[in-house]
Amino acid sequence: MSTITVPTTTQTKPSGLYRLAARRDPEQRTIVRVGEATFGGGEPTIIAGPCAVENREQTLASALAVRAAGGQLLRGGAFKPRTSPYSFQGLGEEGLAILAEARELTGLPIVTEALEPDQIPIVARYADMIQIGARNMANFPLLRRAGQSGRPILLKRGMSATVEEWLMAAEYILAEGNPNVVLCERGIRSFDPLLRFTLDLNAVPLVRELSHLPIIVDPSHGTGRRSLVRQMSIAAIAAGSDGLIIEMHPDRDAALCDGDQSITPEELTEIVTATRVVGAALSPVWAA
Amino acid sequence: MSTITVPTTTQTKPSGLYRLAARRDPEQRTIVRVGEATFGGGEPTIIAGPCAVENREQTLASALAVRAAGGQLLRGGAFKPRTSPYSFQGLGEEGLAILAEARELTGLPIVTEALEPDQIPIVARYADMIQIGARNMANFPLLRRAGQSGRPILLKRGMSATVEEWLMAAEYILAEGNPNVVLCERGIRSFDPLLRFTLDLNAVPLVRELSHLPIIVDPSHGTGRRSLVRQMSIAAIAAGSDGLIIEMHPDRDAALCDGDQSITPEELTEIVTATRVVGAALSPVWAA
Amino acid sequence: MSTITVPTTTQTKPSGLYRLAARRDPEQRTIVRVGEATFGGGEPTIIAGPCAVENREQTLASALAVRAAGGQLLRGGAFKPRTSPYSFQGLGEEGLAILAEARELTGLPIVTEALEPDQIPIVARYADMIQIGARNMANFPLLRRAGQSGRPILLKRGMSATVEEWLMAAEYILAEGNPNVVLCERGIRSFDPLLRFTLDLNAVPLVRELSHLPIIVDPSHGTGRRSLVRQMSIAAIAAGSDGLIIEMHPDRDAALCDGDQSITPEELTEIVTATRVVGAALSPVWAA
Amino acid sequence: MSTITVPTTTQTKPSGLYRLAARRDPEQRTIVRVGEATFGGGEPTIIAGPCAVENREQTLASALAVRAAGGQLLRGGAFKPRTSPYSFQGLGEEGLAILAEARELTGLPIVTEALEPDQIPIVARYADMIQIGARNMANFPLLRRAGQSGRPILLKRGMSATVEEWLMAAEYILAEGNPNVVLCERGIRSFDPLLRFTLDLNAVPLVRELSHLPIIVDPSHGTGRRSLVRQMSIAAIAAGSDGLIIEMHPDRDAALCDGDQSITPEELTEIVTATRVVGAALSPVWAA
């Protein structure tokens, strides 16, 4: 008789593989603080801003719009990972300085991406939270350096990473002594041509089941379609997400990147309001 | 210079391809009535019950539990599509008769699957709504016969169907003169071994953007993990789903199929409550 | 400590799940005969012809071209599974009669698809081999009826079916007493927009490891790009495929369906020649 | 009537996006030389060796086995990208020195991976060809530094990268003035639990259609199943691959990583022989 592999997708075994990231008991939840914002503390936390720091004006306008909408952190890329070498690659340190000025202006902590280990120190100098992008989820030297940075890390899921591979990537950061990791679901690669990526909200309760780390959701990259951002934001909060990171541009048709998935300041305000409504409605449900 | 040709199926074009399923204007929404239940009318509608009709006792107990939990329709399979020819294949007409008795007892309309064109008449005789399963989404003769049945149809998405292919499947039913189609997202095939399928909530706002048909969500098959059912149910409603179809079993460890993804009557009650809370909280948001 | 599923993708256990399809020992290989053609007998067997039987002229011209190119069977659809209800659905029985006439003319056995259980008898009356298409791989009533037909069956892999689910589908046919099943790999759904489907040649050695059934490959649907058909045909034979099924049209720009992936009679001749060269070169290698 | 918008990344357009990587005419083919080995020159070139450099003995034994089997280059990892931070991470520079000694002993050029920009200089000092792994295909700073290294680069495809994204990654290297890029297909992420990855041989003719760069295939990572390596190697050559990179271990059950997909020296010898047979048989076919 022939023999054959049958995967046992629902069996369980102890997962020493990510021993720091694994939840030890149902009550264990890590809270990550970035300035006055917290991830994992109950209320959804909103990060918003443009894909890229394009110039001083656009960035300051974005920051004011994020604050006015009720967002708690400003995002914006100074070092941009671009599929083509001929696309706009970001303003580099000049962009970081603009972000810092936006923080001065608004009081919003800033989140921005580092693309290689040697960028970690400079990004750590300007930013309040360092983003590791989806393309770098398995860039292990970068994860290690992020673990040594002293800054909270926003770790995006790789576009075809399993949830356990993602937790293992977090483990690289935690193992360097940095406990402040926020996970971010940002869409997986799938087959429907109407979506740029397929936002995988299943990851939210799955991560909460397996890990004590906070998790937020990026509905902008996660769908690539601005028309879906509002509803997927609300759904993410209802699924138990600790927050959102949303691409918003004060003049999205002029955006240097990701205009198709950027929303307006007005839409951001609506989303923040809606997530508060849902969060408030669900808090007795979660508590029950 | 090299040029790239892309398959015509992914190019931008007016969707004359599903002209009956396509939404003509933002206000157009179809409401499908099944007994006293409605899909698309605002309030989320809950279908629940066991994977299979196993016997009279289990089915009547399920029906009573669904009604007690606040569900509006009873599901249960009499003809089961099973991967292995050696697995339990369902009770057939005897199962349909048991479902009818459960309706007598509880007043709940029943939804059950037909696997082939010749089963449509007998299923239509007993059931209030006929389910076309994911494996049969592109079984075109079955879709046509479903279109001629006079019964509302619950059309599940194929496990690797694009949203447009799914709307085209609905078009087969509509084109036979049956306007009562409810779409059901039930998970797509993806790569994470922790999930049986990947519930694709993006499909909810996407279908609402493209079509006037109601859409509901199956978090049980869509994840294959009972621990995710509650949160993905709430997220589905928050994404704009018109309802849910949930596998519940009064004694899930004894279930003949799908025990791993079945919830208890108590969990169903909690979910119905939570979806009402979310639905009520969001109704002013949707209206805005 | 948290516990978690870890799939054991390389462990093995006895697979009673497809006991008739499973290979009992390395020497066990089934040979399926269709007229004078054989599948599994060593030499690659080529099936070719148009997507659809469009009319008498096109079909007879196709059959002559297949024979001239060295192909052993003629394919052509009389009942077509089309994504849109408004696309050409095939000529039905008239198409079957045309195929039979083409067989008269050329001596080539014919392979054509049945879409529903009730079509099996009429297709069996005209055709030498009955095709079950990818969309119907898990249409279990159709598989059962195919098992009762007395005809050899060409069973295409579902577009997101695992190899074991596919062998389980074959088991439905075998369990009805029909041992003459030829498997056909035809591309899986994946993410690259340059391909209609992703031809999965891994399935060839994997099926040969797990099963005694012959397996052939469809490089036309499997890629959706005519420019890839020649090289993927040769690769399929080198991977151990028992044959090919190729879409060829005498006037492909006028084809009613699948023109983008159809090749010319001249290209078919080259492919048949190349596969013989590879088959001959590799036969001592396989024997070693 | 509703209209559908498709993400711009999938629309038809001239590929100015990878203008250096794009093939300008059907005759344009780049040949990359590494020591006496060539990629793209007609004969398939075989790279083989262990997953990791574990120690001097194992590496020298591997090198001798590769040479004896007829392989042209030695592979082996000194810096290993491992999913878990607690797995063996490679010997680092000590491993590079062992590889250099193996080259001394056998005359085989060596290929080994760099994981971060700062490792490029040291890897370039020891190795003849630098590998960029699948996890780093979109690590743009690493690609740029590889482009400045003066060494030929082996660029693996990301596990969910489209062929065009991969060519764009190559463009980053080419744009730095390094024309010596060899592409390597190594399996994409898909859904079948019997395979670690799904080797995508469609990429071979597709890359040859779009680009002038040589392409080789990794059947070891590409399947994760040693039993498939031989047949997928032969199929890769038949599909038009310019070579192979194969994991071979002199004592695979003792391997520190990837033992499940490693083959023995004897199997390597058979594969080299078989690929020569196929290459020789097909060379008049390709020329025709």
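Order of writing sets the labels: A, B, C and D. Residues in every chain begin at 1.
Heads up, the rule we're going with is that a contact is a pair of C-beta atoms (placed from the backbone, for glycine too) under 8 Å apart; a residue touches a chain by one contact, two chains touch by 3 or more.
Just so it is clear, the model here is predicted, and its values are computed rather than measured.
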Contacts common to chain C and chain D (chain labels): A, B
Distance between chain A and chain D based on Cα centroids, please, to the nearest Å. 32
At what distance in angstrom does the C-alpha mean of chain D lie from that of chain B? 45
Would you give the residues of chain B that are in contact with at least 2 other chains, written as numbers and ranges? 4-6, 9-10, 160, 164, 189-191, 193-194
Pairwise touch network: line, ring, star, complete, or other: complete
Touching residues of chain C toward chain A in the complex: what are they? 1-17, 19, 22-24, 164, 189-191, 193, 210-211
Within the complex, chain B is touched by chain C residues 4-5, 7, 9, 17-18, 81-86, 115-119, 135-136, 138-142, 159-160, 165, 168, 171-172, 175, 189, 193-196, 224-225, 260
Within their complex, state which residues of chain B touch chain A. 9-10, 160, 162-164, 188, 190-196, 198-202, 204-206, 209, 222-225, 227-228, 231-232, 234-240, 260, 270, 273-274, 277-278, 280-282, 284-285, 288
